[in-house]
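Heads up, there are several structures right after this.
Two complexes follow with chain A in common, the first pairing it with chain B and the second with chain C.
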Partner chain A sequence: MKKIIIFTLAFCLLLSFGVAVEADSLDGELIIDAYTSDPAPRAAMNEMVETFQEMHPDLDIELNITAHEDFKHAIRTWLASDTPPDVFTWFAGERAEYFVRNNLIRDITHIWEEEGLFDLYAEGYQRESIFDDKAYFLPHQTYIWGVFYNQEIFADLGLEEPETWDELIEVNETLKENDITPFTIGSRYEWTTAGWFDHLNIRINGFDFHQEFVTGEVPMTDDRVVKVFEKWKELIESDYFIEYPASYSWHEALEYMEDDEAAMYLMGSFIHDSATDELSEKLSFFPFPAIEKSPTAVEAPIDGYMMPVHAQNVEAGEEFLRFAASVEGQQNWVEDVGRVVPNPNVPEESYDEETLRERELIDGAEGIAQFLDRDMEEDFAITMMGYLVEFWENPEHYMDILERLEDERQFHFEQ
Partner chain B sequence: MKRDKFFSPWLFLILPLLLYAIWVVIPAFYTFFLSLTRYDGLLSPEFIGLANYERLFSHDTFYISLLNNLRWVVVFLIVPVTMGLFLAILLSKKIPGARLFKALIYSPMVLAPVVIGLIWTWIYSPRSGLLNHTLTLVGLQTLTRGWLSDPDIAIYAIIFAGVWRHTGYVMLIYLAGLTSIPPDLIEAARIDGASAWQRFRHIIFPLLKPTTTIVIVITMIESLRSFDFVNIMTDGGPFRQTEVLANFMYKEAFARYNMGYGASIAVILFLIMVIFIFIYVIQRREEYGGGEKVV
Partner chain C sequence: MFNTTIANLIGLSWWKKVSTAIMFVAVLLFVLVWILPLVGAIFTALRPLQDLRAHGFWSIPQEFTLENFAVAWDLGNLNTYLKNSFIITIPSLLGTLTLSSLVGFAVSQYKFRGNMFVYLLFLSGMLLPFQILLIPVFTLSNYLGIYNTYLGLIMIHIVFQMGFCSFFLTNFMSTIPSQLAEAARIDGCSEFKIFYKIFLPLTKPALAALGTLQFTWIFNDYIWALVLIRSDSLKPVTAGLATLQGQYTTDWGVLVAGSLLAAIPTIIVFILLQKYFIKGLTMGMGK
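And then the complex of A and B:
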């Protein structure tokens, strides 16, 4: 009898040991699909996965990196198939919600709870990751939009970063007097105009109104929307922008800044990747000035991870998400790519001066806008951006343009 | 023996026919089917009858695109065809440097349209482009403009880049056509005292008729499927003013994920093209009585 008990105990011990070992070392295949195809993000992604691999040597990790636009097409097919990836990179906000609405995404609320992310991550990140009180998205990195300006020109003319609308107009006037175009913009691919719309709308009508606007429920002829275009018209008609913006792609328009012919660009912080080193060093940024609302909301598109409902290796996938939420899983994106990450425990020393300022703005924001074509249904956002370019060309016809845009809105959202 | 004659062609054809079915015929029918559905590439297609076509025929972008395609056809039929014919006749003469000119004029054809589109985008750039720069140098400042951002002229600026490429192609086809005209016919006409114009008008041009048919059909199809130049140079902008059917279709299907709607544009584009392909096939039949000879 004793023997049997000892035997059983030993067996149980062995069993529990076996289980313990299993929990520590994940195995099987983990498939991660990513769109981080530019050189710096690609290297950071590889490094991140290598670190994870070292932690779980028995795991067979397959990382597939696809070019950004191709990824956007392909992921739809993959998600609808029976063998989707276990983890994939995606965009926060409406684009994430679209897949969630179609029941393609795994609920990861328990990961958020266990890793304490509800307390750790700033409010703005949570608003873009949680749908119907359940977390589906793991925010991983972001970058801010703001007015990037040439510090040298500002210093030479004794200008300071404007904080209000009137100060901005003053800066613009001083620049014009000195034969410098205040703003450059390249709108051949239309989306850059949406940055202006977003910022004007958020500063004039507030973040909550902007959130309502992007659901498509606000008529384009609503007084508040009209007001945005009236303000915007002032800027265009005062010649605060370069000539023929629709002739240039966004980075071709950078030439104006490289040759000191223009001083400012409303753009994402990825402007540094396309600017020459010389210009990049001269660049600094300020948040879009307050108009009627103080600048407490920011525009910062968030990238992160999601798991398909039919993920094969759930255990390993979830472990990867936990890793991606940790300091180790985020730090190299700050140091190597210059991104801002949601985990506040990533030390300040990892950031440079400018990105640290970005982080403060993002963590303190009442809300983080994701950019018009990520916040709004993409199909309609593309239509709307076409009208924004038309408005830019013919600002005096803004009411007519808004009325036609309203027809499009009704067609799209009420069909 | 007889059985062999019947079976062996089919035996040889079976593989190409199979591949053709898989890659062309079945997808074509699938496109027809998709055009009757709402499909976002994510969930399965949902049958909605002719709703896509109803929307298409009331969508102003469709008419803008159609009109722009028409502009392509008209300009393409006039400019590169006449210029190509003229150059072919000129360069078929034994003039010094003819080979060099032929090579030069044909050379844009060697470049991918995407590359040509990029080059012309640079030429048209209002800030640092060759065109505005040259105009300023020769004192024609008033003519400078944003060639690709001016809604009234952007489409013609794009078509011009297409013309630059297509002219060499037309020239080459006509050059080939000219070699098939027996030189003694022209010689005889010359001896009979026909002038250069009379020789062209009454001998060369009529004998070039089959070549002209090919040129026109190719030009038509080429201008209807114009996609690359538009996509690279303006992507249909500013505000849809340079949109053409192919790019419109592409954007609906792959940027907006309205696959069903995109398919309906494809079907319309296909039907328009079928008209020209039919004309072409009938022409060939008449000329060779049964299509024994291939181009």
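And then the complex of A and C:
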């Protein structure tokens, strides 16, 4: 009996000692899977994980970076395996919700509460991270979409950033008179066209309608949708774009801007990563001009982190999320990659002039659209983008194209 | 040799000479077209990204650098990935060849009930498209606990390549006269020794040809590595290189430099074994 008591006591002592140690430092293996395979984000991700490693030297961190496109497919098998990652990078909004609906994601509401994120993060971020009143997604960084233009050309021709549709048309006409194509676009990979659709739709019909549209409940032949295509057709038929956009990828089309043959590009701020340093310095951006609605909603795809339900090292994973929500965990993405981050306590000095403007637009936005192929169900978004490219080739047949797209929509959503 | 060629040319009719010339030009053209992508790759690997961005792919390079290779090797983790590729490829190759040569021997040299069935089983395995196997294999390896390990990938390579190899070796071994085995048997040779001492040496050219082919296939495999391996530290070079591809921007110079480095082992194997490779492929054609 005595022996047992001593043994139990010793065991308790050992246990409390173990607990005490654990409270101070994390150990075990932490697996982070990321899709940050572009050169600049890859470096930033490595740096971020290194900083976290320094804070927790006993933790054995494994960071796996997979090509962005492959990651999107492979993550499905990873999440289904018995050994999923502890933390993984993912998209906000409908893409995140898809995994949440399939019960693959851990509820992280308590992290949001403990770190005070409900008060800290702007409304737009929360709208894309919280589903059924529970937080599942931790927004980490974003970049804005806007019209990027060559300041030198604008200055030479005495042009100013257009704020309304009519001003935009004026700018386009002036550029054309000077033998400069107003807009470049490369649509071999179809998503670039979706940027135009999103912006026209948000500015003509408003953010709320756009949110309704991406659920797939609005008929394609609806008057409001038709109006978007009529406006768009005007632009294409006035030759405001380069010829044969479908023969270029988005960065091949950038060469028109490198050679000063085109002046503007509707694109995400990652355009700076692909431009030469020379062009990058000349670039600035303005939000897509107002048409019927003023530009209060922005398009800014949010990247962040989630934890799988079956994460092995929950404690370390949650600690990493806390770190990712903090100023230290976000600052280097602002400084090195030029991203905008949700934590408002990241000092203004970290931002450059352009990204600071991006931040103001995002924080003040009534809503943040995530881009068509992230907002809409993926399969249908891909189908729709194919039709958008076809429309670009034959703008006069827009009604016919919309009718066929409507058949696709009914087939897809109403089965 | 040279003299006879000249003599032949002189002796040839006018038309024959012209057709030889046309043939030569046509072959040269094909070679040029064939080699163009490789030349493009080498140039891309040698120029800095800024140069590529400013002037496009089809421009004349303004400056050359070897930095891309260094970056691919170091930051691109190519050293780890290449090591992994060998850790995966060599056991897979040995396993496949060992097992399928045993199958080939058994099926071709022994008459037993279901002999044909076994043969057809391997043949049908070969005809199965791998795409439909992706999910079942993933589930199985997850269930067996070999998901995200070298072993899991090696096993699937062995099993998957065995269909073709068994088919190939069965056909090859059935051309070896069974009298050889009978003679040995009369002298008291054990069955395994017959396989090991008589049939295996005779099958060498076929094994070398298969080995070359299999090495290339397994070394260049991408899809299984993507499905069955998640950790960066275990990825083979194909899956590893793919991670250099970005969403919006890709450092093409580094990616291509890495690909060129990754191609070297396959080229070496091919050069070393090409003699057998051609022999093995054309074997039995003259009958």
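Assume the second predicted complex is superposed on the first by the 394 of 415 C-alpha atoms of A that agree within 3 Å, B and C clash if a C-alpha of one lies under 4 Å from a C-alpha of the other, contacts with A are read in each partner's own complex, and residues count from 1 in each chain.
We adopt the following convention: a residue touches a chain if its C-beta (ideal position, glycine included) is under 8 Å from a C-beta of that chain, and two chains touch if they have at least 3 such contacts.
All of these numbers come straight from a predicted model, not from anything done at the bench.
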Task = In the superposition on chain A, see if there is space for chain B and chain C together, and answer fit or clash.
result = clash
Message = On the A-aligned overlay, A:178 touches which partner chain: chain B = first, chain C = second, or both, or neither?
response = neither
Request  = Compare chain B and chain C by how many residues of chain A each one touches, and report the one with more.
outcome  = C
Task = Considering only touches as defined above, state whether A:244 meets chain B (first), chain C (second), both or neither.
result = first
Message = Just to be sure I read the superposition right, which of the two partners does A:345 touch: chain B = first, chain C = second, or both, or neither?
response = neither
Request  = Considering only the touch criterion stated at the top, classify A:85 as touching first (chain B), second (chain C), both, or neither.
outcome  = second
Ask   = Which of the two partners, first being chain B and second being chain C, lies in contact with A:77: first, second, both, or neither?
value = both
Query = Given the touch rule stated above, what does A:215 touch, chain B (first), chain C (second), both, or neither?
reply = neither
Request  = Please work out whether A:25 is in contact with chain B alone, chain C alone, both, or neither, and reply first, second, both or neither.
outcome  = neither
Key: First, second, both or neither for A:387, with chain B first and chain C second   = first
Message = Which partner chains sit in contact with A:252 here, chain B, chain C, both or neither? Use first/second/both/neither.
response = both
Query = Which chain A residues come up in both lists, the one for chain B and the one for chain C?
reply = 77, 80, 252, 255
Ask   = Can you list the chain A residues touching chain C in their complex?
value = 31, 33, 35, 37-42, 62-70, 74, 77-78, 80-83, 85, 250-252, 254-255, 258, 268, 270, 273-278
Ask   = Which residues of chain B touch chain A in the complex?
value = 40-43, 124-128, 145-151, 234-235, 237-240, 251, 254-258
Message = Which stretch or stretches of chain C touch chain A in the complex?
response = 50, 53-54, 56, 135, 138, 142, 145, 147-148, 226-227, 230-233, 242-251
Request  = Sort out for me which residues of chain A touch chain B in the complex.
outcome  = 73, 76-77, 79-80, 99, 102, 104, 187-190, 243-248, 252, 255-256, 378-379, 382, 386-387, 389-390, 393
